[in-house]
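Both complexes below contain chain A, partnered by chain B and then by chain C.
And then the complex of A and B:
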């Protein structure tokens, strides 16, 4: 099977995956142990109220009809609205409010994990069985084993008393001042001030940018991002080390050495590029960890992101919102999988030949 | 020791020919059992109770299905659904019964001549039929009453044994007493201070467990030397590699310590669970106060031993005002933290093991089937597993446990939500395990011996069981031990959010939640220690997994994507 046929097969496979994932969501939300209407109107809702909401949600129809309506509604991006958390707000609106914070958090946690984990792993792999290697490897394993919720609490406690632990450096005031450890990062550091319209198109021409707000925003997001990326950082380090070790012992590196290539050129040209391949699934797999782990981190650090929204929707019984959010997550993860396959197809010619 | 490669004697024959070493080992084992008979009987009783509860639940499935179907499709369809569900359940039981208890073939005995493929199905149908008769007899005839009587007599017998004192019981080495003004201790073991008495009891527990470990190893050596047919098997090399793999040994030691702590939670905890967790106001202790020896309930005493920062703190390795010793200090409500953590270890272990075993069974069976049949079966499994993976695991687990708990579903009551959590984690975790063993299973299925078995007319089930499953069992062990850590972290995270195991059943995540506001005060231990234990334990499981992998497959690279996926994703 050629590489691209393999890729298109995977692409085709994602259609039934999305459908089946939606089916599971439907079963949980509509046929699960909780009646969605009862959860929305509470124990003292009147019968008329109940009938009205049933009508609106289409719950008075037969189950197969509901199922088809649900699937079609989701696939045509008709995501419905929230019923309990912010009644009558459309899910799209909620997403535009909540998603940027989670994206900001996810962006930094991926970035930090990659820029700390991969170099450490490569260092350990280039200097195997030295003290530095042992320290990095063991540290990575322990770091990965730390539960996020616990790490978050310890981070908060240590940073609250940062003068005591870091020789009098106060976290809140060093660099830019942030209001507190808990709370959301300010995302208004960039904005469009002027638009110019070219026919139907509007093109932004005026920008507002505040480096201080940006710095405050980054500082605010750093602790939760490090916590969220902790498991991924450990994984990247581990896999990076193994990958470098494997490439160093491979024949073409041997050949390059025999050819008399300088070791710097060998490392940069032959080792690093090939060692990056096995890291692709690890980095893309982070998407799963980030979406799942964002709940805990956002709840503890008080960030009003999607994870927090999902958590609130679940515990308050906003089941229509839960279903729509689940659909968004499914689409996200499936697209990340497709990107991963795409990267693999480009990077690794061996894929598909097995 | 046999030199004949084609020796067909069974293990039983070989033991009968040279019974001395086996008997010696058995005598030792019996002595060890006798020392802890009471506790073992207790464990058997709890296990039996759990199994009974599960049987009760499974029995109600057909009627609940009938109710659900009858409400939308009418009574006739309901009865049909009832019969079909009951038959499917009995069919599943039949496979297990056949596998465990009926080593010979019923079809052969009855002299029915069919082709091999049919034989398997017919065999299962026969066993199912027998089970239907047994079930009918239990439900509709007096045999059921007789059976119940038998069970209750047995239970009472085991209960009587369970009340026996053992070497690790609290009565033998009591650690609760009070200090007289002259400094001597009253009520503790040999007048030692409670700290030393407790340490001694913990020491005895670990010494006993280590003895068992050594004795089991001895038993394996005896088997290897006297009773095994082959002088050498590849497994010997694996075990030798594991023994010299220090990282793996470290993992094994950590896991062993944890398991012993969980199994002997009643013995290693300074206070009984009853007095500490469940009814602190129903149990009294004696202490020496202003008016001589007085008594106070644990609950009242706890009011003065709370750890809430500042002066109100009972830290590590310290006594409270009532001469109770707290190795890990006290909780925010004054209860002993070590007791909480020891019983919490039990809860984590039970949930983790249950979830992992369920996952592993599903993943193994699925891997065997997909590797054997390939094609459509493989494709369907890929779609199903990818769909489950596409739902973020922690969110799915959170949603499901919230839904079941708010609906007060009966399943959420068992073990204070523990069973529900195990089922949810198993239901969301099997795709990761299946993905990890799919590759090895496919490789095995390409081997010549599988072709040979097929052309020989061996039934697919037998081929999978005999010729494929041994090769993926090792991989399963690795990934299962890795995912166990993930489940433990996940359960703790959920309990932290308030949707895992409910009070009063202890769970490590809840201790972290209770102590989270005191991390930067003098009561830092409440949240920090449980977290450190989780880190330690998960590191241990990972190390053990690494060790097993290097032992089974020394050529394998240490670490790949699937292993990471199996552990990650937790909270």
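And then the complex of A and C:
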């Protein structure tokens, strides 16, 4: 099978996946017990209002027609307007408002977990059964065991009284001043101020960048990111330690030692790179979970991002919003899968098409 | 995206083992790539926040007054828009706002309003036609979610015509501009609470023709713009920004017809979580706020009752050392447990009523932030006044402030339910820790005497849907009075109106199926409601209606069809530098902030 045929087949196969995902979403939202009209008008509504809202949203149509309208709308990227969460607002607008908050949080929670968890794990693995190892391992287990919702509340309680706990150091004013612990981090540290058009193509030529806002933004996202990444950090630490231990006891390391290689070279060149292999799927997997599963942390820190939006839309039966979010998630996963498969075949000749 | 790089270096060895997981995870990298794209769209300029009042709000859904149905949106709308009447500071007496004077005809059907001179935020002048436009939108627009407030019999009941299909005829409502400054409203039937009703958010003025969602107008803006970015009213503050689920800001309108605000604007941070709200407040990011029950300590309150029944004083010191100004006000609301009569037999309902101890509940779960409810109607709206209620509840048949387990056990045993063969039912509450806690409390008290209670939690919308389908045995809900009168709320108890098989189109009562109960109490309630309907005159009929309402309250007791739990007490805490009027029983969200000063 040629590369292009393989690629084309993958593309075709993804269509039923998307349709299936959207169908399931529709079934759960529209055929389950959730009534969007009730969520909109509340207990004081009145029958005439109900009828009118049902008509406006098209809920009085037969279910099969609603289904077709929904699928056609999604597939033609006509995402529609939110029903309940913010009626009359286009779904696209809501997505662009909410997504950056979550992505910023997810990005830092992944990054912090990697840069703390992995080095700690490697340190523990390179110095097994020492005091440092015990401390790091024990810390890792405890850290891993603390649930997010609890940790988040403790973080808030401690940091908002930081003067009491940290000898007069006020969290809000140390370093960059942030307004407080709660709320969305300012994401306007970079902006395009000028565009130039080349035919149909617009190219940004003027940029605005504020390092202070960036610093404030990072500081603001730090506590929630540490909380969200806490489990991942513990995981990475534990697995990093095991991986290093396994590698360091393998024969080729022995050989390298016998060859008289310096231990620094052994660690960096042989142990480090090989120990990363089992960590990679862990890290990448966690990254995806973190970005999707940040609802609790988002709510407790008042960030209200895409996880929160998805949750609210689901429980209130806001079909266009739930559907669009699901659609985005599905498309994202499917297309990345295809691209990765495709890249594999280019990068690694051992991966076949059969 | 450092790990992407690492992956490509190390991939070859582990391909078979980790390929699937890696492919799945790579989505994260792609998602992050979009970050940069979104960020660059933002505007680098931030406004000045000097002398701006900061507070906290819940999720705002829409700033279109006919579309908003929640108090969070209502709080913002009240700053921007104005109606004919209002409840100043949320107190219970209705006062004129855009109306200068009101003339009511002898038959109580025609209201003639003379309007004040007022300017909109866009510079145009208020005219009577604006109200006609606004009321027509409320009645006719497809975006209206409160047309029943204008048209239905139990509400304002404005004159209107319907065609053969029972649809409203465009431009047929009895609201007319006599001249620029005179507005006439004609009702089908007299309504004793018409002026109170007109204070509701949906009845506010907006410039004629600003949107085109009713016949005869093209509209300057789309309805979606009006709802999110272009609200124009005559209120003391004009709209600045609204970022969904993040913040809303309004600024002072200098040409306001009343007293122009001393502050430069109001900023609401939108926060849903209790500990987040408390942290925001303790960081002094908010000037005034509420304190969640988990952080609340009743011993810190030092307050005295004023002539409106409000507790006014101080609270503190709180954890940041500050002493806060305190206002606590009993609200016109009732939270209750109720039964579906067909699902739960009368002896079981009465047994539950016997074991329920409201004082325990209010003290333990709400830290005393509420008043025990023995009647559905709260003291502030009770027929004949709060004293009459005091007298009435002396006869409460199931034991006040005590849990009568023995009596309950006897009742259940007589009905054939015992410890070994208990009656099984499920209590469904909406997502609220408070009701779940109350449910656990009740379950423990019923355990071992013949009722096995399961607890279940569901989103509000699901609860409502299931209630309308008659699928709730035992459930929790609440009712808030939109104006301070017993007339509002009792219609839901008319047994025929609680028939869930005809909901929501033909009936709109509480989810009780009380009509199916063959009992004296059920018949008594039906007769009492018929007495209410036979006496619609605002003044002369009041006493007859009051009698009937009290009979209905008695019937509710006899059949134990609903167990009122508590009336909410709303509290507001403010830092010393804020000077804000105490609010009243209609709720703090009714308050307008143009008289607030910040030091």
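In this text, the second predicted complex is superposed on the first by the 244 of 354 C-alpha atoms of A that agree within 3 Å, B and C clash if a C-alpha of one lies under 4 Å from a C-alpha of the other, contacts with A are read in each partner's own complex, and residues count from 1 in each chain.
Throughout what follows, contacts are C-beta pairs under 8 Å (C-beta built on N, C-alpha and C of every residue); 3 or more make two chains touch, one makes a residue touch a chain.
Computed from a prediction, not measured in an experiment: that's the story for all the values here.
Touch criterion not met for A:261: it reaches neither chain B nor chain C. When the two complexes are overlaid on their common chain A, residue A:71 makes contact with neither chain B nor chain C.
In the superposition on chain A, A:99 makes contact with chain C only, while chain B stays out of contact range. Touch criterion met: A:40 reaches chain C, while chain B stays clear of it. Comparing chain B with chain C, the partner in contact with more residues of chain A is C.
With both structures placed on the common chain, the touch criterion links A:114 to chain C but leaves chain B unconnected. In the overlay built on the shared chain, the residue A:242 is in contact with chain B alone; chain C does not reach it. In the superposed pair of complexes, A:146 makes contact with chain B only, with no contact to chain C. Contact with both chain B and chain C is seen for A:299 once the two complexes are overlaid on the shared chain.
Of the two partner chains, neither chain B nor chain C is touched by A:214.
In the superposition on chain A, chain A positions 33-34, 39, 153, 156-157, 160-161, 278, 281, 285, 288, 291, 299, 315, 317, 333, 337 are in contact with chain B in one complex as well as with chain C in the other.
Against chain B, the residues of chain A that register as touching in their complex are 13-14, 16-18, 20-21, 23-25, 28, 32-34, 39, 63, 141-142, 144-151, 153-154, 156-158, 160-161, 231-232, 235, 238-239, 242, 246, 278, 281-282, 285, 288-289, 291-293, 295-296, 299, 307, 310-311, 314-315, 317, 322, 326, 329-330, 333-334, 337. Within the complex, the chain B residues that touch chain A are 72, 379, 382-384, 386-396, 398-400, 402-404, 406-407, 409, 485, 489, 492-493, 496-497, 499, 509, 512, 516, 519-520, 524, 527-528, 530-531, 534-535, 538-539, 542-543, 557-561, 564-565, 567-571. Of all the residues in chain C, the ones that touch chain A in their complex are 2-3, 6-15, 18-19, 21-32, 34-36, 38-44, 46, 59, 61-62, 64, 67, 69-70, 142-148, 151-152, 223-224, 227-228, 243-247, 269-273, 275-277, 279-280, 282-283, 285, 319-320, 458-462, 464-466, 468, 477, 479, 482, 504-506, 508.
By the touch criterion stated above, chain A contacts chain C in their complex at residues 33-36, 38-53, 55-56, 81, 84-90, 94, 96-101, 103-104, 106-107, 110, 114, 152-153, 156-157, 160-161, 172, 179-184, 186-193, 204, 208, 210, 273-274, 276-278, 280-281, 283-288, 290-291, 299-302, 304, 308-309, 312, 315-317, 332-333, 335-337, 340-341, 344, 347-348, 350-351.
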